[in-house]
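Down below is the structure, laid out as structure tokens.
To keep things simple, chains are lettered A, B and C as they appear, and every chain counts its residues starting from 1.
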Amino acid sequence: MLKRYNINNQILLLTGILIIIPFFFQNDFYYEIAILSILNALIVIGLNLLMGYAGQVSLGHGAFAGLGAYISVVLTSNYGLNPLLSIFISVVIMGLLAFIISKPILKLKGHYLAMATLGIGIIINIILEVEEEFTGGVDGMSVDSFVVFGYELSDSIDWYILCAVLLVFAIWAFENLIKSPFGRLLRSIHDSEKAADSVGIDVSYYKSIVFVISVVIATIAGSLYAFFSGFISPQEASFTHSIELVVMVVLGGLGRVYGALFGAVILTVLPQLLTSFEDYETMVFGMIIIAVMIFMPKGIVSLFDKVVKKKEQSNASS
Amino acid sequence: MLQVSHVTKKFGGVKAVDDFSFNVKKGTIHSIIGPNGAGKTTLVNMITGVYKVDSGTVFLDGSDITNLATNKLVHRGVCRTFQHLEICGNLTVIENVMLGFDKYMDKNILRSCFRASSILEDEKRYFKRGMHLLDLIGLADFADFEAKNLSYGILKKLEIIRALATSPEVMLLDEPVAGLNPKETQEVSELIKTVVADELTVILVEHDMKMIMQISDHITVMNFGQKLAEGTPSEIVNNEEVIKAYLGSGALNGK
Amino acid sequence: MIELFGYLLSGVTVGFIYTLVGLGFTVIYNSSGIINFSQGEFVMAGGMSTVFLIYAGLPLGVAFVLAILITSMIGIVLYKLISFSRDSSQISLIILTLGFAIFLRGLAQIIFDKQLHTMPSFVGEGAFEIFETTLSYQALLIMVVASAIVISLYLFFQKTKTGQAMVAASNNVDAAKLMGINIKKILILNFAISAVIASIGGILLTPITSTSYEVGIMLGLKGFCAAIIGGLGTPFGAVAGGLLLGILESLVAGYISSEYKDAVAFVVLLAILFFMPGGIFGNLKSQRV
């Protein structure tokens, strides 16, 4: 209920870890992986809010992140807008888009919802591939550097700090959100829409809101990744990327804020480790997904729960 | 208080509720009884906006509330419970009750993210009120239990308390004691009576005749979607038509 | 006019393939309520295995039979994996089948390769001429075989004892158990049948469009679109949805834009989901509160 002190302990621990790990980074590649992990984690935290709390599946969030990123990039590279302003405009556009499509989409349930989001994702992906004039087509396009208030973010360490700060803030804000009346409302929708409805909650409105929040976060993270890497291609918006994001949510643990972080880090780092297997990479990735779904359907964070429970039990008995 | 006039609902070609009318007086317990399939739950679903009525109107204190969605009705002071439990199993007992206060709470997203004082105050205030309600039914000790771990009987009561938290003027209870043992049934009856003491209007759909006869001020009997009889409990018990409908079951005497 | 007729013919040809994939979805969905996202990979497995068995020097007929057997084994493996899963929530099962699809794709990369492959048409390279439009023997074969599969599936589920038992079992699992029907066996059979249908689709398609380890993604998704457009769970709907999709795609590619051809299926899918959630032939079940 009012056990809020826990949040701050975890946030401190996370901050500590984020400060310490760069000392173990041997080159830029490590930073790159760390930044990508964090940005994926951001998208996954938003998606987790949608899937884990509001109980709505989306197989299209890769595409939303990709489209949002493209809008930011095109505004900056083709129209010379400041990157921050571009991202802001992109957020507004994507937020509106998400709100509009959320109405018909969120009426659907289960498989139908999954298919509708998947369909929208694939259509977005195809548009990005075909409209070469704006997007550079299948080969993608290069992205202007990220200049904020006259300062150009170019070093990996700059980006790492920016992303780390964003992550800590996002997790703190989300933990607060989940523990607030708004969060309780979301959890109630997940458990029983009828119950939520019966106490006066406009279920479809709140589902839309959560959908919009998750798309906005995906837009921000996707845009930042494009500016960081200096390159963007429709691959960012592919079905595969959407699947990866969903797997990150489930691998970490549905409805668990820190689960999102674990899921994103593991599934971002793992393929890098698997590249040494070369051709075996895809197969091993598939095997891991299957194994997780069979043996840990509640996600990795559920393992910690067991440890904590045991500890509590032994504390109680002693 | 609540006027239902000439409502009809068809499923396929079958009229589940057929040109049905009844009035509920303020502050009373008005029961709707009838054999299985008489259309009682359909009627409740029509009043609470779960089903669209094919024709007819529902008035609350003179204003038209026909086909208003369940969640909108809550803000007008009409709240319901369900025949089949609708409790949020992963929420704790106190959280379920606090959910009932949802319409009073600050749910601004930014303020929620930043733990604004309005959010914290709301949480504190309604936590207290929720605990007070739980105290009333002796469930305060279970406040921090996840609802899914509790017994059916407790959850049935919890559902009523949650509805009560929305501070309705009219509460529709759809079979609140179905599946409960005699002791639990008695407890729920008491609960409903104390609720009414707070000047609430209750519409009760039930099968348990003993309970109905004990606590109802007024009874409407339904059969095949139509009104069979209406009156006080003693009038209903002696009504020929009603006895025929419940032929030989002896149910009216609660045996 | 001639142009249009040509587009229609090629649309119907591809449409029959979508139909087969859609039917595969339907068979598994009807028996288990599971949407199998690796259905497209079953198609790929059928086509690729045949190609490589022929490379290995096996005669055509033997290669077909072996490829179909291999794919049905894959179907059964998927069933086994699903039955091991500790959590049967929809989202977990969706991801499980997605994972299996990725696994199969990865496996195909290793066992086979990443190249495009084709094989000669097994009924000769000739073509009929109808109204100044050509219809290749292979395309005609696709239409005939796919129709035959549709009809025999119908006969199997409606007229044979085993088929009827399977339908009954999926309608009411508990009742079927009481009557002594072995649910597990029925599910295995359904997964195998579904894989067989998919693999035949894969084999038939290869001479026309060629195949590779990654053809399954789009084929699977479009087959799923076909199933939903017709009405998920209705076999007749999968046929109608598949043909409609094939024809529309072909028309869009011909008259509007070949680049947006692949988007057609998903645009139609969304339109159906938003405006006719039961599909063209589906019936909406009302919810009881």
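As a working rule, a residue touches a chain if its C-beta (ideal position, glycine included) is under 8 Å from a C-beta of that chain, and two chains touch if they have at least 3 such contacts.
Computed from a prediction, not measured in an experiment: that's the story for all the values here.
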Chain closest to the assembly centre - both centres taken as Cα means: A
Of the other chains, whose C-alpha centre is the longest way from the centre of chain A? B
What is the distance, in whole Å, between the centres of chain B and chain C, each centre taken as the mean of its C-alpha atoms? 49
When centres are defined as mean Cα positions, the distance from chain A to chain C in whole Å is 32
Return the distance between the CA-based centres of chain A and chain B, expressed in whole Å. 41
For chain B, jot down the residues that touch at least 2 other chains. 82
Shared-interface residues of chain A (touching two or more other chains) are 194
Contacts with 2+ other chains: residues of chain C: 289
Could you list, by residue number, the parts of chain A that touch chain B in their complex? 1-2, 4, 173-174, 176-177, 180-185, 187-188, 190-192, 194-203, 209, 213
The residues of chain A that touch chain C in their complex are 51, 57, 104, 107-108, 110-112, 114-116, 118-120, 122-123, 126-127, 129-130, 194, 239, 243, 246-247, 250, 254, 279-290, 292-295, 297-298
Residue set of chain B touching chain A in the complex reads 69-72, 74-75, 79-82, 86-92, 94-96, 98-100, 102-103, 105-109, 112-115, 119, 122-124, 127, 144, 162-163, 165-166
Within the complex, chain A is touched by chain C residues 35, 81, 84-87, 89-96, 98-107, 109-110, 217, 221, 224-225, 228, 232, 257, 259-260, 262-263, 266-267, 269-270, 273-274, 277, 289
